[in-house]
Structures are given as C-alpha cells and as structure tokens.
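Two complexes follow with subunit A in common, the first pairing it with subunit B and the second with subunit C.
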Partner chain A sequence: MAALPSMRPLGCLRSLIGLQDAVQPQITRRFISTAYSPKPKRVPLPPNLPQQFLSQLPERLQPREDSKRVKVYPAPPSTRKVCKDPIAKVTESQMAIHDPKGERKALFDYRRNPRSVKPGDILRVTFKNGDPFNGVALSIKLRGIDTSVLLRNELTRVAVEMSVKVFSPNVQSVEIVQRAERPARRARLYFMRSRKHDRRSVENLVGAYIRQKRAFLGGNRRK
Partner chain B sequence: MIQLKSLLSCIDNSGASVVECVNVLKKKRAATIGDRIVVVVQKQRAAGSEGSGTALANKVRRGDIRHAVVVRVKKELQRPDGSLVRFGDNACVLINKAGDPIGTRMNGVVGQELRNKQWSKILSLAPVHV
Partner chain C sequence: MPLRLPGGLSQLSSSLWESQSLLPLVQSRQFGIKALTTPKPSRFSIGPGLPVLESTSTAALRRKAYTLPLRSGAIATKKGMTAIFDPESGKRIPCTVLQLDRVEVISHKTRQKHGYFAVQVGAGWKHPKNVTKPMLGHFSVNGVSPKRHLYEFRVKGEEGLPPVGSSIGANWFQLGQFVDARSNSKGKGFAGVMKRHGFHGQDRSHGVSLTHRSLGSAGPSQGGGSRVYPGKKMAGNMGNEQNTVQNLKVLQVDAEAGIVVVNGSISGPKGCTVRIQDAIKKPWPEVKAEAEPVAEVEATATA
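Moving on, here comes the complex of A and B:
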C-alpha cells in the first residue's frame, strides 16, 4: 500500500517505517510473560568421553539414566481394611469389660427394650463409695459405652443435676424407684427445669421406696 | 463461672445473704467450686433472724470486703469419672484471711470438689454434699 516514491519524495521514508510497523507492533505489544523461547536442546556430551572427565562436570550435567525418575513407594496397608469400624469394636470390647451380661445396656436401651428406664422415671444410683444419688431422669443419652443419664433432684431446696455415665465402674447399682405415670412424649425433658414443670425434691418418694424395699426383703439386708 | 460482678448467695450464718464477687484469686479465669474469691457483702441477713443468739448474728456488715470460697455453681462441672454436676444457683461461704470459715453453720448442699482443694473444714460443716 506504500505510495510510489515518485509521487511522494519522502514516501520512501514511510516505506521504511511501514516495514518496521509490520515487524514492530507484535514485538512491542507482547507481554513479557508471553515471550516464549523454546528450551534449548540439551547438547549431548561428546561420545567416547573418557571416564575421568565426567567427574569434572557439575553433577547436573553428568550423564545419568535415572536422573528424572522419581521413586514411587507402595501405598501403606489400609487400616480401614484391617478394621472397618474401629469405634464399634472399641465399644464392644469396653462393653465386654464393664457390662459382660448386658443387663445395664438392657436397662437403659429405651428405644428397644420396653422394660428399660425411660425419661421421667425416678432413679436411684448408688456409687462404689456408697454415696447414692436420686433424681428424675431428664434425658438418656445412648452413646454406646459413653451412655449417660441426666438426673435432677432438689437437695436442701437447691436444684442439683448430675449426669452419670451408666457403664462407669464407679456406678454400683441403678434402681428404678418410680416409673413415670405415663410415658413422656419427648426424649429430653429439659422443660422440667422450668419452675412450672419442676418435680422438686424426690427424696421422700425414694425414702418410701427404700422403706418398702427393706420391709419386702425382711430387714435382713440393710438399704 | 464466677467472675467480677457475679452475685452469689452466702450460705453460712456469718450474716451476709448476697455477696458480689470482685476478684478471683490465684486464677486468670472464672472461679468454680473450691476457688477462693474476694467478695463485697451486698445484702445482710436481718439481725437475730438466725435464732442462735445476738452474739453470732451478723459478723459481717453490708459493704464489707471479705474472702470467700465458692461451694456451688450453675455452670456444670465435670468429675474425673466423666459425670457432670450442676447446681441451681451460685453460692459461697465467707472465710477469713487464714482460710477458716467465718460462720459456724452452713445450710445447703455443697460440691464435693471442695475435698480435693483442701476445704474439708467447710465440707464437714455442710449438711449435704454431692
């Protein structure tokens, strides 16, 4: 498209510029990041190089066949295959230790066993050191070996709540003092903390139960 | 969780009925059962209402600054065997600087954690402990 030099005397200069234009713009517009130069081919070492020269080369230039190979180790054996459900296994083994006959489990498995403790029942838990704790069962948390029951009572006009781990070796016995009159319609009776629904002290109920029990047993066994 | 400005009921016969925590001693966090705190007596019991005689009534007065031991807390406490204990209120017992209780009687249940923290004198005064 350049005009003929005879028409415009200085056009020859333009043709020079135009020539540059054709080459330059691409170069000037390029970003540094797009500037690409292919990686230079590695110059092969001259053949039949004596062995003693190789040691003079830097390490990265020394001819090594496995220089680029990464060693791949076999995957460790899967623990999942060894034990599919470790939690269940631990629970099972702990149950075998703390509740070999499964009585305690049956006593608290309120979802399956109709004769079990239910929320709203009044319980008496006796510990290994002889201390008893009585209370209304507000909630039974079925968590395998960590199964616990939350008891609420009132001692000296102060509410006391105690969550007891059922399978704890500290727990000697759990007795049902009184069943709920009718089954509670929910699993967690936290509303019993409110003043309106509070059962207050269950000590006299428990006292009556103990007296009854003692009379039934003929008084030959205390408590 | 007893901290600055917490109001506690005082369950001994020292004469205070409601006290306010102003400092937790030997601890950088909230006090719990068995911890020593500094309290201000906010409300005192009516004098002579204890019935034990005028000599005993009201050893402390409103505005007194005293040391006290927390014996009940609302915040649940975990025992070493995994069980939890929670009381319906926060309560304390006033003590003197030497650590002896100011009152001679206590009414109300206290936590068993006092035993581990060398407050067996308070524990023996209490009618019930859980």
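Moving on, here comes the complex of A and C:
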C-alpha cells in the first residue's frame, strides 16, 4: 500500500533528493572491474642476487632454466618417403618376373594400345599343361598383376566361361584368332550371354585359323 | 554391559593381586561358545605331495611362458592386397602388403617393476605440437622422437627386450616365417541382428507387420525370470573390433622400403594399423644376427 503524502508530510523531501541522484550522469560512476590498469612490467631482478634468496621469490619470477623445456629428438628417416606406393612396387617386381619384356601387358592394355586385345575378339590361350582354351573375350579386367580376361565358348553344346589370369606362369601363349568385325561399343559384353546375342561355339573359326597357320608355316608343328 | 572381573578378585588385597600379576598365565574366565573338542585339521589341505598354490603371479607367468613369443613384434600399416605367382607351381597366392615406418623400441616393461616382460614399440611420427606434455617427456627420457602409434608386445623373458631406441625394420621378419597379425576390423556402424549375428529375420507376410528384419523373442517369460539374459544377441555396433589372423606366411621382405608381404588377408581397411608378431602356433623362427635391431638412434642422440 503506497503511503499517501498526507500521511508522510516530509516524504516530498525524499523525492527531491532522489531526483538529484538520478540527474547525475552515469558516466562518472566507475567500478573497479572496469578501471583500466596496465599490466605491470616485469621488474628485473637485482644483479648479483644471492642464491638463497631465489627460493623466496614466487615461481613465475624465478629465473627460468632452459633444462625445463622437454627435449624433442629428431625422427629417423622414413620408409614412406623411400617407397610411397608399396603395392605398385610389389606388382612391378612380379611383372619383372612374369612379363620381363612387357609384351603381355601391351597385349591386354586395351585402353592405351590400339593393337591390343579388345572385348569381342576371339582368343586362343595355351596353357603349360597343354590344354588350350578358345573363346570370345567378354571383358578384360586391368588390375596390374591380377589382369584377367573372361573367355566364353561352347563345349559339347554347353556354354563355358573361363577367366584367365594373363600374367600367370601357367599361361604359355595368347593368340588373337579373329578381331571383332567392328569395335564393341561397351567394355563388358555380358549381353552375349543372352540367347539372342550368343556367339555359340567358336571352335570352327579356331580350327580354320590353325589350319591356315600350319599352311603358312609350311606344315611345321612349330607354333 | 562392560565385562567385569569376578567379585572375588576385587576383594583380594593389593599385595596378593600384584604377586598374581607376575605369574605368566592368569586363569581367566572364557566367554562365548566353547568347543568341547579341539578343532580337527582339514583332511583336504594337509599332507605331502600336494600341488603348489597356482594363484600367484609367478605361477601365472609360468603358465603363459609356453605361448609368449621370444621376441618383440612390429607395428605396420596395411597398404592393400595384391597377388604373387608361385614360379614353380604357377599358383596365384593372394597377399597383403604391409609397410613398417620408423618402428622403434620406446621402453621396456619388466617383471620386477611392472610384473611382466614387454616391449613398448612406437611407429610413425607425430608433430611435437600435437603430443601431450607427459607423452613428450616419455619420448624424451627414452631418447626417441614422438611417435604416432604406441603398442606393447609381450615377450617371454628379459632376452626378448631389445635396447631402447633401437629400430625394428622389415628384416626383423624372415622370409618364410609365420606371423600373427592383429588389427581392428572394418567398422559397420549400428547394425541390425540379421547383419550382425546372422539371424534369419521374420516372414515377409503371414501377418508380420513392420518387424521383418528384427529378432523374434528376447527370452523366456515368467519361467525364465522375466528378464533378458546377459549376452543376448541384439542390434548394436558392428565391426571396428580387434581381430587376430594367425599363421600368415611372410612372402617378401624389403628392408629398404619397409615392406613385408604376408600371405592372405588381414582385418581392417587400407591404411589401418596392424601389429605383427611371430606366430604362437608355429615354431619360433631362428633369429639371424642381421635381424638384430639396429642401435643407431642412440649414437645420433648423443652426438
């Protein structure tokens, strides 16, 4: 309940004092927290300070020794700089053993070499154990030492597919029997598995090729 | 109620009490339940020919001695997989390529101080700015550069502790020897029970709604205690857990490039950290003199 002026006749005096306070500018009011005080400069220690007084100083003022800093030792030479791509190095060492002249690599590098094997070509692969395999190249996977070609043929009226690792030491030779009539428009000719586009057996073509080669070489059994 | 001496004693004269206290044994009253017969020694834990107690740390180390490798392992990075053709048989051998980078012995764990023998090995390099001060001090005390990876390899005895600061190169491993490789598998994130534990899920139809890939029941009802038993297989985080592949043959070693090629696959993505150590299920390899760690770092530290 607000006091009525009639109840407190001297109350008007109080309002006058309060008004004076309010009129005073706020700027003059300052608190300790806002007062600016510059950072005190570090006072240099007196020269020739006896050693026993040093312990009386706070720790931050005590003369710092360099031995407090942790010594970091240099790293030994890195093997990662010697060999940045170990996979490539291992692959290269394998290629040097199994394909020293780089012929096999060029034969299947269909992205760069225009004379290479291309999808759709008919190949004849001879293995070390004597069994040849003929077929249409459906796809060529270029994976370094794991490069392989997928061959499709029909043996005894059964469709057969064989993936041949071309750098395998078991692969003796790879011959191109017949190039594709026109270059295939895709890299993987998996549509040839459908009945409509199946090439069926390529044995007739390969047989003709072998006979032609024999005649050319003068009946020699040499390949 | 405090225990009191029998009333008769308090009435004794002081001189008699003093003379009695000089006697070695004072007959005093017994409280509590008293056995009528003397306790018999247990018939199980007495007698000659009993086995020595096997719950000591010494006994634990003795049990472990047969399976602990004789020498330390190394920290490597998985670089990826490729294949090697065996020239004789023409067989293709799938292999994993690992690279060792600046692998060094950081410190030792000894039986006397820590209770077991182990070699703390570090690999790679970490900028000193990014290393915490306690770790920086640890590296500094042992005179090695800050390392990216730190692991311990337990060894059988003191003979398996190479000098601190010596480097472990790829030629630490010999051609044809077998190693165990441990690394974290690929993380699969939060996976359901079908993917994580191979559950069969539930029917596509027959009244099943919205729970085609979930688990069936989490356990029995009131008869089983109305609770889910600990270890119940449920959905959760899959992968990114340590896996050890044992008995991998070392196919190639290149000390200069730090390459170790091992047969077969190793858990984890490319670039993951792999710890390789002599296989515990094969005879220990005969260590050659050249495979000894090279103590060249100590020379440079003192220079």
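Methods note: the second predicted complex is superposed on the first by the 141 of 223 C-alpha atoms of A that agree within 3 Å, B and C clash if a C-alpha of one lies under 4 Å from a C-alpha of the other, contacts with A are read in each partner's own complex, and residues count from 1 in each chain.
As a working rule, a contact is a pair of C-beta atoms (placed from the backbone, for glycine too) under 8 Å apart; a residue touches a chain by one contact, two chains touch by 3 or more.
For clarity, every value in this text was computed on a predicted model and none was experimentally measured.
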Open item on the list: With both complexes superposed on chain A, which partner does A:192 reach: first (subunit B), second (subunit C), both or neither?
Closed with: neither
Open item on the list: By the touch definition at the top of the document, which applies to A:133: first (subunit B), second (subunit C), both, or neither?
Closed with: first
Open item on the list: Contact-wise, after the overlay, does A:117 reach subunit B, subunit C, both or neither (first, second, both, neither)?
Closed with: neither
- [ ] In the overlay, answer first, second, both or neither for which of subunit B and subunit C A:97 touches.
- [x] second
Task: First, second, both or neither for A:170, with subunit B first and subunit C second - done: both
Task: Partner touching more residues of subunit A, whether subunit B or subunit C - done: C
Open item on the list: With both complexes superposed on chain A, which partner does A:161 reach: first (subunit B), second (subunit C), both or neither?
Closed with: first
Task: Common interface positions of subunit A, toward subunit B and toward subunit C - done: 146, 165, 168, 170
Open item on the list: Looking at the complex, which residues from subunit A come into contact with subunit B?
Closed with: 133, 146, 148, 150, 154-165, 168, 170
TODO: Spell out the part of subunit A that touches subunit C in their complex, as residue ranges.
DONE: 70-80, 82-83, 86-87, 89-91, 93-94, 97-98, 128, 144-146, 165, 167-170
Task: subunit A-facing residues of subunit B, complex - done: 72, 76, 81-89, 91, 107-109, 127-128, 130
Task: Residue ranges of subunit C touching subunit A (in the complex, touch as defined) - done: 79-80, 82-85, 87, 90, 92, 95, 97, 99-102, 104, 125, 128, 133, 136-137, 139-140, 143-146, 167, 170, 252, 254, 256-259, 261, 296-297, 300-301
